[in-house]
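Below, chain A partners chain B and then partners chain C, in two separate complexes.
Now for the complex of A and B:
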């Protein structure tokens, strides 16, 4: 309480202190410009310039997520459509070939000639599916083997597998196709190069879910097709996901699988990272289970500007505006949603769009630093401008004061400010008057005499003063009774008192004093009313 | 006050810029590469790149991303299509593996970095001069040697022994072209028309054979077709017409994997693609033994062998990206890494130090008998042969491509139309005439 009182006291003291005009003006200018700055900030705020960075990041992520979802959904749907069409074509081809030979699917076993014919007929269809689809490979595998007596017959199945040799996403026209699985004669007839790790048949032990598929009863193909998890294609350097569409024989039983391949490289090339004001945006398509996003089982678009590795598992934490995905050392902010792409376990895959948290934080910090710098710059500019303007404003006044101090005031001097010019004129006249007075100065003893006389005049009563005024005004004694409505005796009595108080003895002496005071311009000293 | 404000603002500005720089520094530079070291298989270079990304790359914030592992022919087509801005092709990567023929065929080779701008004279002096010379095109070092190979003969010893046991053929017969083609013809008869020999590049066979016989393979108009060409043609065409030479396309490793051929002459680097298992059409597999020998020569001819092995080109981009690429390439060609790479791929290193200090130890440690065989033959070749480097001609690639296609096509057609009564020598001469006609000679 005492402290507050002290502050109030100090404030009051400051108020009573004299403050220079420049300081006051500086304060006014500064306040005014700050007010303008505040209004500017307000307008920018309303315009959304200073809105919440997290909210803006959320909006950017949401927009990218929506776009990616649309793109990926369309891509996957088209692949599934091609896969289903391929399965139907293969079923028809098998049916036609077998019926023509009076055989069933089981008769494909140990029948290399029939398999050769069938593969020759199927290769163009598979090749077409590969070229029409946006994918990295196409395959078909039939539940039969060339030689049931071979050592590997129990896990070997005939089929065809074509893969692009040079992966591109821009079109299939210029891409070389390699013959990964199948009878070499079939590939050579089409001038297809054998893959460096070619094999005659598929190793079904290495094909995810193959045996389960062969035991599955399938209704509609569209309901049955799904994607495998990501796995390393044996002996190659690439990870892939395979679209699995069952192939049905003429009894409706599953006799094989076909589909299309999406390699990790294809996804890398197909879904490039997007630039945003918060850093690079990465697209990820992976299973989300128990709060973890399994990139190792999914596919990742390019993440060239980040340290995200494809084989990671990211824990997911929900926050107000977005999720935070973390691998322990690096974190990413992002949003995710399901895209209706069925994985082998029956669960949908999750599409996530992410930005490195480090770049987001850096972007946010740099925004703040920029704002602070701008604010400080504005304040500094305001201050400088205020100092400049107030100085400019006060300069003529200071010059005038200086001129007055140095007694160099001239009558014709102009400052450009009318009030100051008027003040200068007044000071000039007063100075002249003073100088004039100084020119007519009386000797000290005479001056003392007049001062004494003036002092004595102040002792006169009001009536006596009125009589004195008549004398000053030039009236004769005989005129006064009529003017003052008093008798001549009373006038004489006042006269007597006036003479006594003024220390004079005659009217002539009085009139002499009056005349001298008039000449000196000091009559007012005799007529000034007495301060009671 | 003004001074205070200016100091304050300058400090804030500097802090902001420093913050931006720190952020920039943390963001990795990702370089893309198309290479051939591993084809579609598990790639030793990919493993080495992963090691780089984990160590040196991480230190310098550089990540190398492999976006294609294929063969030089595919890369060649991709590079030329990208360099010509063909519709529907991918952009050039930051680095790609290339032979000089690809660079010579590019519409503007100045899009490639001149390594002399980034390697000091001292650094370049570590490389074998002949390799640098091969990578210098129009006075610019645009192809950095990374690994060099030569042509080596690979023999499926298991199949050959089976054939030799019944026919008395000897492996030594294969040391000369005359012997090899005679054996091929014999094998074809013995096996009922099966192929014996496959060559990666028929064009290379003729080129080296003619040069080794003391003639120039090229003249100002293209292939010279001199007497030495005819000498090289006769045994080759005879064996081919008898079905002993592989005339289909593709690399030499293909028919050896399927048991359709027994002997190949191919790049030493093809060792990676040979499988110890041969799979036959009835889906049975057989484990086989491979042996390697130096490339055959004509009797009495110079021992000349084609030097192969592409190098890495770097596409001009920004100084930061180019510098990052140099960090990677300097790491890759450092003797230790270089020897580790080449001995997994069947190549030779590119620096003298790697040859002298690291290679002998690395060869001793090789566990795979196929690789031990290869390096034995490799060292023998180095000791006994002279390496031949293809000339840098603008039309080299077009001649090579058309020759490969035409020779295979003409001979295949001749084989198809050949009857048992036809004279093989006359048929071979007829095909040669057709070939010369094709080139207007």
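Now for the complex of A and C:
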């Protein structure tokens, strides 16, 4: 308690201490500079100079793009590897089966028994490939048909197509597999459920360049494999992209295609949108041609928080920090890059990471509003401080002027400003002097006494007045001979004359008169020479 | 004043006593300081060393006596502000405007009373 009392006492003492005007002025100007700085910050904030949201958004997008590129590249590379491995296995199986029967690939046409045998042998390999790879389906097509006499024989081919019934991105081993294309006995033998849109054979028109492919020889399978554009799977509601890997016969000619399927739903589940401080980030894998991103021919990750439609075509406009993708009504900001996945047309696919521009703008606006509010508060605070300090600075001056005007200047008055205190003290002393001069209303008899003394002083000779001046100046009698180059006797002689003329009897009496005349400010009456 | 008097001071000391004189520039009267005896007056130094000691002592006491003589002379002499001469109190007049020596007072036709009356009047 005693310490608190001590602190309170010290605080009160500090408050009563005088501070120089210069220091107060410095403080005031410092606060003014702060206020100017705050207003400047406010203006610049409104102008958006301090906003680096675009740069931050670019960094976020770039990071997500790098991650997505790595993930997708790995995914696609693994699918292509499984596809090539599948193709090689199928080639060996076909070769083994046909060689055992002394047949060629062309002999598969119109040979249901052989096709049945071949599909029974190939199904386990296809099933294994489906289960091992991260995809939604696996297929193989052989350039042969069960019935060449059929109307659709020209664009119909035998093959197997297995698909997952329920799409999941994890736990593929436990997923149900449906038999989408192939001879039904093969599916039944493996206890696979027929797809509700099952068909015996493939429509080869779905595969781009299928017929050209069947007439050519391919070298390395890795160079030949490619992805189809997105297309609607016949009789279903699903869009897919298919990895196409040629199947070579024992002569090296292409006798069919095999590969893996990526459905739009699988991509949707595999690449969920990522939350960021600027809004949801969407991953898109689509061809980019002539400044347009064709979503209808690519795959899109989940985009639940946006209005992005999978069938859209987005025009791309490059800006300083990112690209703007627009479909006319909605815009997205984002970055893109090529991921080295070859499409059927020979062009690489483009990976893009996008954020809705509306959420980005909202984020940017909220950041700027926060900055503006902060700088506004700072400006208001510093301006208030400036006003307060200016008032504190001016108030004592006004009070002093008022006090001087009203002549209520007291000796002990303290304004808190040292210069003003000095001014007050000066005015006070001057006022007192003035009062003393004005109010030197000595009693009449005393005044008469001093008047007589002053009159008598006028009778002093110049030499005597010179000696008197030494006394007035405060010199002792013993000092005067040294100062005036005369003997002490001469001084004493003058003294006796001075005493006689002034009507006094001692030096003490003389010094008393001198003191009183000094206090009254009338010393000049004693020292002024007589004007004749 | 002290320097003025010191310059005019004449040493008239003997081996046994110290005395200094100042001559009035106006009347020619000689003022003599009070005689101060040497503390070793009449004592013959027993050795050469003592003689040196006595010699140093003599100089020291002489300086002390000289200072005392200056103080005494300052009580009896005035410096005339007109001619600058050092004159005695009897030759220095207290005038109306400026004190001065008798000769200057006559020359400037000033009147005044001497600090001390002439010696003849004083005797009367």
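Convention: the second predicted complex is superposed on the first by the 322 of 532 C-alpha atoms of A that agree within 3 Å, B and C clash if a C-alpha of one lies under 4 Å from a C-alpha of the other, contacts with A are read in each partner's own complex, and residues count from 1 in each chain.
FYI, contacts are C-beta pairs under 8 Å (C-beta built on N, C-alpha and C of every residue); 3 or more make two chains touch, one makes a residue touch a chain.
For clarity, every value in this text was computed on a predicted model and none was experimentally measured.
The larger set of touched chain A residues comes from B, when the choice is between chain B and chain C. Look at A:150: by the touch rule set out above, it reaches chain B but stays clear of chain C. By the touch criterion defined above, A:486 lies against chain C but remains apart from chain B after alignment on the C-alpha atoms of chain A.
After overlaying the two complexes on the shared chain, residue contacts for A:463 are found with chain C alone; chain B is out of touch. By the touch criterion defined above, A:235 lies against chain B but remains apart from chain C after alignment on the C-alpha atoms of chain A.
Shared-chain residue A:163: touches chain B; no touch with chain C. Once the two complexes are overlaid on chain A, none of the chain A residues touched by chain B in the first is touched by chain C in the second.
Against chain A, in their complex, chain C makes its touches with residues 1-2, 4, 74-79, 81, 89, 92, 94-99, 115-116.
Chain B makes touch with chain A in their complex at residues 1-2, 5, 8-9, 12-13, 15-16, 19-20, 23, 26-28, 30, 34, 38-43, 46, 63, 65-71, 74-75, 77-78, 81, 86-90, 248-251, 253-254, 257-258, 260, 272-273, 279, 281-285. Residue ranges on chain A touching chain C, taken from their complex, read 461-463, 481-482, 485-490, 493-494, 497. Looking at the complex, you find that chain A touches chain B at residues 112, 145-147, 150-153, 156, 163, 165-171, 173-174, 176, 178, 180, 183-185, 188, 191, 193-201, 235-238, 265, 268-269, 302, 304-307, 358-359, 362, 365-366, 369-370, 372-373, 376-377, 380, 383-384, 387.
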